[in-house]
Amino acid sequence: ILTCLLSACTRDHTDDGHAQTLIRVTLQTDWFPQPEHGGFYQALANGYFREAGLDVEILPGGPNAMTVHKVLRGNAHFAMNRIDTILTLVEQNMPLTMVMATLQHDPQALMLHASHPAQSIADLDGATVMAIPGLTWISWVERRYGITLNIIPHDFGMERFLQNPLFIQQCLLTNEPYFVRKAGANPKVFPLADSGFDPYHGIYALSSTVENNPDLVRAFVKASQRGWQSFIFGDPAPALALIAERNPRMTPEFMEFAVSEMRARHLVEGRPEIEAFIGELRPQRVAELHDELVELGVLKRKLDWQSAVRFDFAQPLN
Amino acid sequence: MQTEVHFKATKGTAPTVELRNITKQFADGPTIIDDVTVSAAPGELVSLVGPSGCGKSTLLRMLAGLSQPSGGTVQINGQPRSSTDTDTAFIFQDATLLPWLTVRGNIEVPLRLRGETRKNRTALANQLANWVGLGDRLNYYPRQLSGGMQMRVSLARALSLSPSILLLDEPFGALDAITRNRLNEDLLQLRERQMWTAFFVTHSISEAVFLSSRIIVLSTRPARVATEITVPFPFPRTADLRHSLEFQKLVATANEALYHHSHQELQ
Amino acid sequence: MQTEVHFKATKGTAPTVELRNITKQFADGPTIIDDVTVSAAPGELVSLVGPSGCGKSTLLRMLAGLSQPSGGTVQINGQPRSSTDTDTAFIFQDATLLPWLTVRGNIEVPLRLRGETRKNRTALANQLANWVGLGDRLNYYPRQLSGGMQMRVSLARALSLSPSILLLDEPFGALDAITRNRLNEDLLQLRERQMWTAFFVTHSISEAVFLSSRIIVLSTRPARVATEITVPFPFPRTADLRHSLEFQKLVATANEALYHHSHQELQ
Amino acid sequence: MIPERCQKIILPIAAGILILSLWSGIKAWFQLPAFLLPGPSEVLQAGWNERHALTTATWTTFRGAGLGFIMAVGVGFCMSLLLVSVPWLRQGLYPYIIFMQMVPIIATAAIIVIWLDVGIQSVAAIAFLIGFFPVVASTLQGLLSTPVQQVELFRMYRASRWQELFLLRVPASLPYFFTGAKIAATLAVIGSVTGEIFAGSSSGGGGLGFMIIIYKSSLRIPALFAATFICCILGFIFVGTVLYLKWLALNKWHDSLRNEDV
Amino acid sequence: MIPERCQKIILPIAAGILILSLWSGIKAWFQLPAFLLPGPSEVLQAGWNERHALTTATWTTFRGAGLGFIMAVGVGFCMSLLLVSVPWLRQGLYPYIIFMQMVPIIATAAIIVIWLDVGIQSVAAIAFLIGFFPVVASTLQGLLSTPVQQVELFRMYRASRWQELFLLRVPASLPYFFTGAKIAATLAVIGSVTGEIFAGSSSGGGGLGFMIIIYKSSLRIPALFAATFICCILGFIFVGTVLYLKWLALNKWHDSLRNEDV
């Protein structure tokens, strides 16, 4: 049932060979259109998908949008998530496979007021943090630094941060700091990546899609890589225009901030020291993460993680 | 100036109705009715009189199948009554009108339940409303009616069908003497044309004498048949009967009987 | 075996009550009451009789201040009535008991409202319940009472205070003749001890003659004072009065008057 | 004295003005910044600036809530009829209807989105789920509260169950039904907004719940208040409609509407 | 025939078994994996595995919901009394009570939490806000539906407003009140869970709402179902209590409870 839609596409593909017809592909993002999705919009705007024979539709997400289920039910071909989530899902026998990275580094961070005495996450023992309960990083940092955090659920707002000089909340590097600064606060951020918790953000699909349609996946990955390449190193304007069109609340100023933050922190292409390329998934990093997750008890058992990630789709662009 | 009401002729003939050795007790309370046996021949109108609270309404409710006797049986044409087997009209002690329906609507209720066509319903409701003197109040809601008017609507409603059994629980109690007498006479006329067996609860002995062929006097705590008075006047009766000496005499006798037999413990 | 009820003595004396040129019209309807003027001297009991639906209850409601006349005034001791100025007890045409209270609770309602102590309340409720023949039903809920019993509870409730003005809307209509007569007599006795001015609506002319000093006969559509009958019998009256020839005669005359004056258009 | 009709308009307006000045007063007194409590004028301004987005959003929410509300009232009403006519069904099923109602929207939303996918159908389903029980609870109570005497009257005339239901119990239960419908109307809007928050999507223009999340996550509190305010007005329209229908149905005969001068 | 008492127990159990087998049946028929629809046994298993966390969570939620419910019923009841006694207040304020109900919690959550801080008080406040209106709507309708004749009786005896309210209108409105309370009981648990989503805390063990987000964000669907199921049971206890109190208050005199054999 799940792949019904997909197989229809496939037949389309084989019947018409390399004719003009484009293959319809849907990409489910994890939030409303925003610069963090820039590479895909860039690929769309600059026609990279089209050139790869794909007619890509990018679906917006939102808080609590159950994107995984969309993929599982075959309503979306590709979706975004962190590798640690994918591993937990695979642990529950969900047939998912990650095919490329979008971000080499985790954009999540903790946001504090600059005046806050803490200098790193290690100083936060016993602190109250507004975060999404149940996320992997919480147990990670607790374990890593031997601290306990008092988690209060995230309300997707920043009013309480502004109100309370000792308030700490989970944020995206590219997002909340901009707004609170604009509201007059002076925030500082502790990127979670600094704690060693640094999962890939990536694109995943149903394992069956990956196995049955490697060409489609390859084409999609390649076009996406091109999009990201152009977005980060070239002119992001086409993507930003598209994003602004679909999400009118994206102001140029905000998007500029987000893009500059992504560039400055090398979120997409990776920090120089790891010598990665855009879209790359590296077995060693996945293996390390997997082991740590098992140790943390986030994963209850060891997985055959190689089957959850395909490293061969993303190749360096020449 | 009475309006003639053209009721439908009843299909069958009136049934025999019998209460046999009825006793009644509510849950954990005392026995209310103790071994009451009363019967009405086809087409007969039997009056029930007795002190307030003795159990008259309860007897009618059992006749209607709305309440089950604790002992004894209710028989109709010799068969035990099941609640749905005979056309019965019941004029409750209080009018029990539906507050969201107008006079017309309330009178039409039984006809609607019987699936009568709109045209028939309207025609009959008009006639009946005129008959009870409410022809100009057809569109009033119950809350706009006086107590007596409400009872008259209830009467019209009960007679809109041609029931086989008619149970009347003080239908004329809230009416002035003149309206009451007129309706008494009309009821007697109706009796000639419709075929029903009726039980009639009243507190007016003269009304009982005028209308019925037998008067059952009940005693109280518990209700028992104290005495039975046969009214010998032949039918059809007319208004003039009331002025006859025999009538007056019988009313006096009946009053005596009621006084002696039913109110012992109250005196 | 009547129970003596020891009512509190009324503080003041009974007031004069007057209806002056009262007219009444409901919203967009016809005129119901047209220029009715009636008065009752202190301590007098005035009966109102008239055809069903003529406007008797409406008149009482205006006397009670529950309804405002469209024209004319209600005066008490020469002052326009405001709805809260005089102790008034009203026995409604239907019992209007509170379904969640027992007989005792219902009788006690006015006493509770007056802030009577629990002890006094209980004592008086017992007496009154005995008086209306419901001494053994004190813990019954209204739904467990017969129609007549409910009216008697309503009567006991009305008399639990010693009102200055007593308005009775067919209080005995649902009672058998014997209970009715007894309560009539009790009411007359009470009248000697409590000081109230009363208006009494009834459909029984003999009851009206027995109880009141004047009978107002109303006509209908609209209600007007058709005629007034003065009852010459002196107080205190006893049950024997009913058997006197004068009494019977007056009842007959009054019936005639009612018949001639109030029912023209119905005939 | 002021005529009654005018009072009914003047009093709420007066109360509104009072509330507005209280609002401004509190803001001024505690010197609350806009992100905690924006002033009325800021909200108005933000609402005006966002008018295009908010108009589409309102329309989307309106459809979701309307659909959910109509379903809640319709299905709830039918369910009450069913439950009152079939006692064993009532005894067997009623506990589970209560049960179902307890499922928190956040959990339901997740499951509903999984089953129905994101979109108006999910939003409507959530609004339906949340408004359904009040209708059933109220209407059922009304249907069961029909005076015994009236029921007996119908039994006397050998009314079919059908007739007893539609000619007697249903009209007698109307005051209760409308109370339930009023509650459902309130909950429909809030339900659909909450539904959008948890299950909404921006495709096809998100609804008010979607806008609320967007404003909240970009710290545009005056706009958030404006969107909230529109939710209120929307709900108000729903409730107003119910109240008007109630008036139409009951004013002729029911005490509650002649009792207004208590 | 089976005695009535037994029926009241047997029928719901039978229905329960039916529902369970339907559930398993659907799962088996469509071959649904656990993340789409976990089977009853999986849910049970997950619930058992999580029993410690869930027990504390249940207790937390219970307190929040209980407090919120008591406040909703208490304040709602008092508010109805106030609104029925002061007509101009009713006309002026009622629209705003409806209004207030429409505010999605997410919009006010920040303010509530800033004022009251995270913890049971905020959770209860949110539960209160959600359950308040149904009580007011139902009770007010009941208070206004008192038969005119009974009101007149009290006026006759020059009952004070106070007496009219407490000796007449309040008892007369009980059937309506309990309907409202029943709805509020349903909403209290939902409210508390929603409250925890915005104002919960992991210290002192988060409530069921908190657990639900955890399970949801880590995609542990069977555990999510188990937590939801406990919400239902909790709500059931609330509603059961209300129904029992209703029975105590009404069985002596009200038709709805003698009508059960319809």
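In this document, chain identifiers A, B, C, D and E correspond to the written order of the chains, with residue numbering beginning at 1 in each.
What we mean here is this: a residue touches a chain if its C-beta (ideal position, glycine included) is under 8 Å from a C-beta of that chain, and two chains touch if they have at least 3 such contacts.
The shown structure was predicted, so the numbers you read here are calculated from the model rather than taken from an experiment.
Looking at chain A and chain E, the chains in contact with each of them are D. Touch-path distance (fewest steps) from chain B to chain C is 1. Where touching is counted per the definition, the chains common to chain A and chain B are D. Centroid to centroid, with C-alpha atoms defining each point, chain B and chain D lie 49 Å apart.
For this pair, chain A with chain C, the centres built from the Cα atoms lie 86 Å apart.
Multi-chain contact residues of chain D, defined as those touching 2 or more other chains: 36, 106, 110, 114, 147-148, 197, 213, 216, 254.
Within chain C, contacts with two or more other chains are made by residues 94, 143. Contact with two or more other chains is made by residues 64, 69, 73, 155-157, 159, 163 of chain A. A complete list of chain pairs in contact reads A-D, A-E, B-C, B-D, C-E, D-E.
Chain E makes touch with chain D in their complex at residues 7-8, 11-12, 14-16, 19, 36, 84-85, 87-88, 91-93, 95-96, 98-108, 110-111, 114, 133-134, 137-138, 141, 144-148, 151, 175-176, 178-180, 182-183, 186, 189-190, 193-194, 197, 208-209, 212-213, 216, 224, 227-228, 231-232, 234-236, 239, 254-256, 258-262.
Interface residues of chain B, counted against chain C in their complex, comprise 1, 26, 29, 49-53, 55-58, 93-94, 133, 144-149, 152, 169-170, 173-180, 182, 203-205, 255, 258-259, 262-263, 266-267. Across the complex, chain E is touched by residues 1, 64, 68-69, 72-73, 85, 88-89, 92-94, 128, 132-136, 149-153, 155-157, 159-160, 163-164 of chain A. On the side of chain D, the complex with chain B involves touching residues 147, 149-150, 152-160, 163, 167-168, 171-172, 174, 252-254. For chain E in complex with chain A, the touching residues are 30, 33-36, 106, 109-111, 113-114, 118, 196-203, 206, 209-210, 213-220.
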